[in-house]
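Every chain is named by a letter (A, B, C and D) in the order it is written, and numbering of its residues begins at 1.
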Amino acid sequence: MIIIMKSGIGDVEIDDICRRVTEMGYAPHIIRGEFKTIVAAVGEERGRPDLRLLEAVETVESVMPVQQPFKLASREVRQEPSEVRVNGVIIGGKPIVVMAGPCSVESEAQVLEVADRVKESGARILRGGAFKPRTSPYAFQVELVAEYSDILQIGARNIQNFTLLRRVGEMGKPVLLKRGMATSIQEFLLSAEYILAAGNPSVILCERGIRTFETTTRFTLDLNAVPVLKKLSHLPVFVDPSHGTGHWDLVAPMAKGAVACGADGLIIEVHPKPEEALSDGPQSLKPAKFAQLMRELRPVAEAVGRSL
Amino acid sequence: MIIIMKSGIGDVEIDDICRRVTEMGYAPHIIRGEFKTIVAAVGEERGRPDLRLLEAVETVESVMPVQQPFKLASREVRQEPSEVRVNGVIIGGKPIVVMAGPCSVESEAQVLEVADRVKESGARILRGGAFKPRTSPYAFQVELVAEYSDILQIGARNIQNFTLLRRVGEMGKPVLLKRGMATSIQEFLLSAEYILAAGNPSVILCERGIRTFETTTRFTLDLNAVPVLKKLSHLPVFVDPSHGTGHWDLVAPMAKGAVACGADGLIIEVHPKPEEALSDGPQSLKPAKFAQLMRELRPVAEAVGRSL
Amino acid sequence: MIIIMKSGIGDVEIDDICRRVTEMGYAPHIIRGEFKTIVAAVGEERGRPDLRLLEAVETVESVMPVQQPFKLASREVRQEPSEVRVNGVIIGGKPIVVMAGPCSVESEAQVLEVADRVKESGARILRGGAFKPRTSPYAFQVELVAEYSDILQIGARNIQNFTLLRRVGEMGKPVLLKRGMATSIQEFLLSAEYILAAGNPSVILCERGIRTFETTTRFTLDLNAVPVLKKLSHLPVFVDPSHGTGHWDLVAPMAKGAVACGADGLIIEVHPKPEEALSDGPQSLKPAKFAQLMRELRPVAEAVGRSL
Amino acid sequence: MIIIMKSGIGDVEIDDICRRVTEMGYAPHIIRGEFKTIVAAVGEERGRPDLRLLEAVETVESVMPVQQPFKLASREVRQEPSEVRVNGVIIGGKPIVVMAGPCSVESEAQVLEVADRVKESGARILRGGAFKPRTSPYAFQVELVAEYSDILQIGARNIQNFTLLRRVGEMGKPVLLKRGMATSIQEFLLSAEYILAAGNPSVILCERGIRTFETTTRFTLDLNAVPVLKKLSHLPVFVDPSHGTGHWDLVAPMAKGAVACGADGLIIEVHPKPEEALSDGPQSLKPAKFAQLMRELRPVAEAVGRSL
């Protein structure tokens, strides 16, 4: 951490900060600039007090991190990409993995019908929302869901529910972690870090749109997040163009864009009758359009050295 | 709702939309413009299917709401401001009500000390975070908290946890509902509507900062929300300048601004030793600074016809 | 336009609004809903007063447009895509067109060297900033630039300089119109409309990043804008991944994503020594990296039915 | 500046960076952390190459500024607040200064009528837009405007037109510098720095709303900017609640909020017939409402130790 002192601060105050830094377990290094003095605090931050608390001291202007706040999720700890296995499907390898299905499970018949259709088109994993915030007073019925599904999804609204992240980290199941609509990429990776730190290495990151001033799309699907996440982290990265754009006719182009810029997989909403769906109808593809998208995606995947 | 047809759409397709509108329980009115035809769907929306599903129909360009999606929370249903009573304190009347205390409860001694000091300075309600997302895998231990506190707080992260909103609506306790950092004002009032609709009229709205591109403040405390909420709704409106700005030295000016633009109350973090706080130290006031703020707030409250 | 009356407004006030609407040259249609009355104002808006002024009337809650504010730029007026010709190069056809070169022209030698290298790699148009806001007190030395270049660029900062747009519209040269960092897609197309309305059909739209809360990228390159613009407008759409991301190592993946989601062309900064560039060095590619990107782009273009 | 090296970088590369830092005229200091090495570059940045260019070097992860990029505008250079004199009116002193008038000058009669009315109510300076981007192909007819007005206004769209800033800085007139809708506070002060550096000390900063996801207001008037600017800079700070909110009925509460949180002045649009205004009618106050606002503002000003 770099502690920037207010200008005009004298030696006594700088010594006081150095003393506090030392007490907190770090080694202070003073650098005197033309106008400002900074104190670099060197040392492993894990298990030591948070140096940003020094911002509450009146002589300190600000405290700036030099390192990313995540470690296990970073490329620095692990250079090669991680693979996550889900029931025999490998995520993060050469093949692009597509998860498809309805946003909300409405009936067994509906799910089975969609499952058949999307599997036929090449989807490898069935998606189907069950316990969403809207159906449970608890954010996530963790154990129950874990028993009946192959992947646990942490929705955008729980991205900073750190106890849930830790709990999910203690379970063996792969976790799909969706970026919140106001979550920065740094916060996103910090949330992944909680799961990894609890012992679960099977984390899949998923970009699903951020909130901006633009209103022609429901959210602004941030494809920049794909190469940024691949640069900073070894974890596989998915994209959800259905939630991210909110319009079925934008799903296909953004799905292709996602694959071309490096995504490892896609989550796509498919519903047999979108105009009667219980939720998110306007962003769902009909099975026939999904089949067409899968045909069009294959050459894009191959163009960037992947398969589908 | 106004259903805007794509341009070049013929009578057969317009009739089809009118038929769907009628089947959904609304009366359709066709208006043919120079370039576009629109279908106005008239009728109470409560208890009928959501007309926005028609956006999934290919002949429809978009569906635009004419009415706000909330009703019980609106000024149209209740012209005079609501008052919420908390243990004898009236919120939403002439006096500005200040809640103060530490962000996280660290010990009984800490809370009691702060309680004494802020009460002495004029705070009417003690705040102290107990079950935050970071301390429980469930978003909110609702019953337990309800038993031991006078106000239930729905934090920014649960603002769209609709089942929690309904559950809290079924309990008798006053609810402090905090706007999420990416929650629009319309969504905010829709969340309040869930609580009101479940039978609980005691809802306090609280602005606490939204996420924008600006980084000198932790969030952008949106004081515009105060007059906008007062215009659209009869519910009392609070402001949290501590979380909203993230810096203790911005708390006093923004607290004054909040009162001047019409807030009914404030939530302010106070901690005896901010530089050692378990959370949010840099935004906490020391008790002496809080006392000074309270003295400075009084004339501002009086200048806008309130008291403190 | 749809004029939404405040609730509780009586017939006298509604009649007053209808009278004003008629005086402004439109035909009013009254629709009485369960709670609200709306007045639909039908008629061509071009050349008539702006109905949004009625928002200044106290009985009016709001005025909502039903039609997009642009017409010549829209798909409704012209279904097939427009092509823009620049010195024999066709923009908007099957081939993806790449413009490349330095951000600022530093010397003749520098430009000639880069020109040779990027042409060799397949770029069809040379870019080189000359009169930027930073070099002239006038936003754009229009005539001078027009005499010496094949395309006029309206930078992000002049996107709403309507007189400049009109002036450029009166000149014969093709115009590259860059979206501002806080420009909505609707405003963007409205700016294009000014140029088209002045008689110049040769407008190329260019997405170059919007400002959001995310800080790992300089801007958030909004690739969603590509399919949205293609859906709403017939004009060709370019993407500038250099300015949009601000980091040279994100240029290649985002360029591929842009082509895959439907862009007609790319603008890419190339500089022989980025670490010595007068401006925007960190986002410039060296000629060798640009050559590699061009090789990798070709299969992506072909995968979506284009060529390079 | 702090240059953060990529992890795993060896001594040769660190030496190379130190050599470049030295060549650029700074003194390098190496600090080796647990995981990362940083190089602090010490020295006056004015007149030396921009160290951020080193981000183009592959061994560098990022370059972080320690100092604000502005100096003359900062509190560090001048502790006491600056005063700007306009025709005998002192801006930045104890009295709050209100500028009022129409957004666009429509006729001499209109301006004179409004001038009389707002002067009577206590406004000290008349505002009236003349050469806006919409009326001139050049961003600002600088000399002409300078001859006929007492204050030069740099509108939000020219906030980063650095040559215009410098030109205006060379003229003697006071400058009202309006924050752009996507301008960060740091960029805002950097723009002020250009004017100050050119020799003109009479700069007034004006907050006028930033673009966010919220749509109930036209922009999000960012009152946090007031105490932040007062903390970082000695320049006077104005607020424009008319443009900032876009709704006449939000002007009064936000004007009071602005004064309470420390603004030195206000800019308010007043128009005798807002529903017929050539521009921005919905956000203009009628003269009677303006008079009422001025009466209500006085006690707020006094409550925070100011006068009106």
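One rule holds in what follows: a residue touches a chain if its C-beta (ideal position, glycine included) is under 8 Å from a C-beta of that chain, and two chains touch if they have at least 3 such contacts.
This is a predicted model, so every value here is computed, not measured.
Novice: Along the shortest chain of touching chains, how many steps lie between chain A and chain D?
Specialist: Contact-graph shortest path, chain A to chain D, evaluates to 1.
Novice: Only C-alpha atoms count here: how many degrees separate chain B from chain D in terms of the superposing rotation, rounded to the nearest 5?
Specialist: Copies differ by a rotation of 180 degrees.
Novice: Tell me which of C-D and A-C has more C-beta pairs in contact.
Specialist: It is A-C, judged by the count of C-beta pairs in contact.
Novice: Would you kindly tell me how far, in whole Å, the mean C-alpha position of chain C lies from that of chain A?
Specialist: Between these chains, centre-to-centre, one finds 30 Å.
Novice: I'd like to verify one number: the distance from the centre of chain C to the centre of chain D, where each centre is the average of its C-alpha atoms, in whole angstrom.
Specialist: 27
Novice: If I count partner chains per residue in chain D, which residues reach a count of at least 2?
Specialist: Those would be 182, 211-213, 215.
Novice: List the residues on chain B that touch chain D in their complex, please.
Specialist: 182, 184-186, 210, 212-217, 220-228, 230-232, 244-245, 249-250, 253-254, 256-262, 296, 299-300, 302-304
Novice: Quick check: in the complex, which residue numbers of chain D touch chain C?
Specialist: Per the stated touch rule, the residues are 20, 52-57, 133-140, 142, 157-158, 160-164, 166-167, 180-182, 211, 247-248, 274-277, 281-282, 284.
Novice: Provide the residue numbers of chain A that touch chain D in the complex, in ascending order.
Specialist: Listed in rising order, the residues are 2, 4, 7-8, 29, 31-36, 38, 40, 42-44, 64, 66-67, 76, 211-213, 215.
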